[in-house]
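The next part holds the structures, each set out as structure tokens.
There are two complexes below, and they share chain A, which is joined by chain B in the first and by chain C in the second.
Let's look at the complex of A and B:
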């Protein structure tokens, strides 16, 4: 119990710490409003040009809410991976290893502490934007909300562990910023942030549905606008599998990397 | 009883090298070259329970690398370490409950939060009971005089205040050994003295073994009974401070002030400074009798004041380095 309590306390102190930057990340939410406004203009035009009420079975209302949910996952992302990346490169990680905790779980607790405040503030902004731009979500039932939140949090956690794995490559690779760039673009495209993957050509859809990127953003966003228990129980276990896989990968990378740690000097 | 046993310890780092210029940059893409750096090279020593040991060396001598291996952060390339009967590399987590570390240039306190938050977190990390943590914090507040700092964000504290909180935080779990890596770096004289008193108190009252690295001769002279001097990753001296001074401190400096300008008759004296009425003379006691030198100086005129001092430890250390200079290896490379 005490062993578990330490990780809870790390989350708590991270939450307190993130509140210090409250106004800073609240200002980041202005970007959320801006990007959603651009998306609204874009998709309004596309729907008008196509003279259709629904694309890939999503109405304009559904499309705007879908995009809000995908943005919610990525904008609530913590910057811990950049810190881990810098810590490994500069050797500062050495000063975090002399405590009795598991480093990967320490990072995860840190993420939990930060995501709480970020997700909460972004959700308020997202809700306001959605209601103003598109109105309430069509056919939404509050009974489904806990399952949507569960999927959303799992998506955020997969995203976190993928970023952590990429950051931990700095044990071996001198410059790994390209990995983050490529990953963010993969999330943007194959993760369905640009458009739902249902609008992709058949062959790309079938590839995307097997990739982890869709389970970060597409799956929770799609469940939010078009929930069914069938699709939830079909996709949520896959989300959990990906979460487990990337957690294990992070533990492995860390375990191997820390043995090769090269921290020369004080 | 030895609490630290280090035997034939080595740590080699592989560092990427690159020829200068554009050609070198292109070449390094296709045929990267590496150089091995022996940061720690076959060192052996032991530390007794309750001892305060100084681990001294120039920047890049291998001090921090050795501490990192003793705390399980780095894995040795070869050799063995035993800290409190444990192998730090393989039992890092278990060992961390029994040791504390303070790295003068790194903080373990949360920068934007008051120290009390960090103390409570560390209490949970070290799995201390709530009651025990509370009483320990109360005790440390009193000993380190940090009671009124506990609710001020760390970023608002002065360096001296922060270091006091850092040391208090590192002994929250009552470690048996504490590794202090340059704890007084950047502090003014008054605060340095305060920190030294606290370290001595910690050693006396809790019998904590202290492993100290410092560039400050005052820290070593006032705190430690034994010093290990390393250079280029090798132990060049392992002596008691007393012996160190006895062997290397055979030079005394005499400051003498007369009531008027005088003429020095004794031409064998090594005069460092002569202002006429104030003279600074260095005496090598292995070659000259200090009594004779003093009496010849006193005979020169009416003496107003006289001070005999020892050269600072820093000078002794640099003398030892010069004696042990192993070729012209690059210090910065380590």
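Let's look at the complex of A and C:
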């Protein structure tokens, strides 16, 4: 319990820190409103052009809410990976080695602190945008909400651990920023952030459904707009599996990286 | 006036050469960032390819038209940050009182500040746009010359909008968030077909967020040449440069030095 308490304190401090920079915090929310407005214009036009009520089994209402949920996951991510990157590159990580905590768990506690405020504020904004732009989610039941939140949080956590793994490659690769760009674009595309993977050609759909990216954004968003216990129980265990795999990968990478670490001077 | 422009152009060329040399010092890093950015941008081809598989036109644009928007916006953004790479740091420099070094040098401070750094990944954006152009238009010399001209005007408008927003920091303190939003608005509007926007949004695209003059009109001129439209883009570019200059130098009168001793290498 005592061990958990220190990580809880890290989360609490991060949470209050993130609220100090209120305007910065707010500007990110403004971007959410703006990008959803563009998506609304785009998809309204596509639905009108196609003259159809549903695409990929989603009506315009469903599509807008789907995109709100995918944006919710991606916009709520923390920028801790840049800090980890800097810590490794500048050698600052040497000062963190002798601290009485596990570095990966420290990062995770930091993430919990930030995601708490970000996800909450973005959820309120997302809810307002959705209600104004598209109206209430069709056939939504509040009984499903805890399961959707669970899937959403797991998606955010998988996203965090993938970013952490990429940041930890800086133990071996000097310039790794390209990895982040490429990963974020994999989320955009194969992760179904910009559109549901149901619109992809069949062969690509089957590939995307096996990739971890879909479990970051597509799965929680699809559950939010089209929930069924069958799909939840089919996809949530895979989310947990990916979460465990990327957590283990982060721990391994950190352990191996620290053994390779060479710090000169002080 | 003309002598000043010549002097500024010479300074831009000198900085450009030095910035290339400094980027090439770390060749592997340069290549990784450059190709990484190109790969990053190409993800959007996939997005539009899927969408255009479902519908033939979006807002009156075909897949090729949309790719032309991408080509112009990507290369304009690339040119802007390759040549004026420091333009994104102006607010920070104003707030920290770091402009002194530039004010003491016998060169135009705004050009001196904006050009003193390059963004390596922007080379990837610039190249990506050109590749897309050749993929959709083939070997079209006249079209490519127009494309290059519009990338230059686009880069100048983009840099001017950024300088104008950053200059607000002279009056209101930190406007970094606002400037970040402005650039996100500019980029996001520029990569979606104009036809999906209507009414008030279109008015914004032709005024405060001038995406129309960075991409929409240039793409239309490359498709179907119009001297009137070309002159319109050139005129708006000059207007934005004048606005940026006016706002920066008016704001500069309010600048307070931070008495920082810094070395500029």
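Convention: the second predicted complex is superposed on the first by the 266 of 266 C-alpha atoms of A that agree within 3 Å, B and C clash if a C-alpha of one lies under 4 Å from a C-alpha of the other, contacts with A are read in each partner's own complex, and residues count from 1 in each chain.
Methods note: a contact is a pair of C-beta atoms (placed from the backbone, for glycine too) under 8 Å apart; a residue touches a chain by one contact, two chains touch by 3 or more.
Nothing here was measured: the structure is a model prediction, and the numbers come from that model.
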item: First, second, both or neither for A:58, with chain B first and chain C second; value: neither
item: Which of chain B and chain C A:177 touches, first, second, both or neither; value: second
item: Which of chain B and chain C A:2 touches, first, second, both or neither; value: first
item: Which of chain B and chain C A:97 touches, first, second, both or neither; value: first
item: Touching partner for A:10 - first (chain B), second (chain C), both, neither; value: first
item: Partner chain in contact with A:261 - chain B first, chain C second, else both or neither; value: first
item: Chain B versus chain C as contact partner of A:188, first or second or both or neither; value: second
item: Touched partner set for A:38, first chain B, second chain C, both or neither; value: second
item: Winner by number of chain A residues touched, once chain B and chain C are compared; value: C
item: Set of chain A residues, in rising order, touched by both chain B and chain C; value: 174
item: Chain B - residues contacting chain A, complex; value: 13-16, 37, 39, 59-60, 63-65, 68, 71-75, 92-94, 96-97, 99, 101, 103, 105-106, 108, 110, 112-113, 117-118, 120-122, 124-127, 181-182, 334
item: Chain A residues touching chain B - in the complex, by the definition given at the top; value: 2-3, 5-6, 8-10, 13, 16-17, 20, 92, 94-95, 97-101, 174, 259, 261-266
item: Residues of chain A that touch chain C when the two form their complex; value: 23-24, 26-27, 30-31, 34-35, 38, 41-42, 44-46, 49-50, 55, 174-175, 177-179, 181-182, 184-186, 188-189, 194-195, 199-201
item: Complex interface listing, chain C residues touching chain A; value: 26, 28-29, 32-33, 35-37, 39-40, 43-44, 46-47, 50-51, 53-59, 121, 174, 177-178, 180-181, 184-185, 188-189, 192-193, 195-197, 201
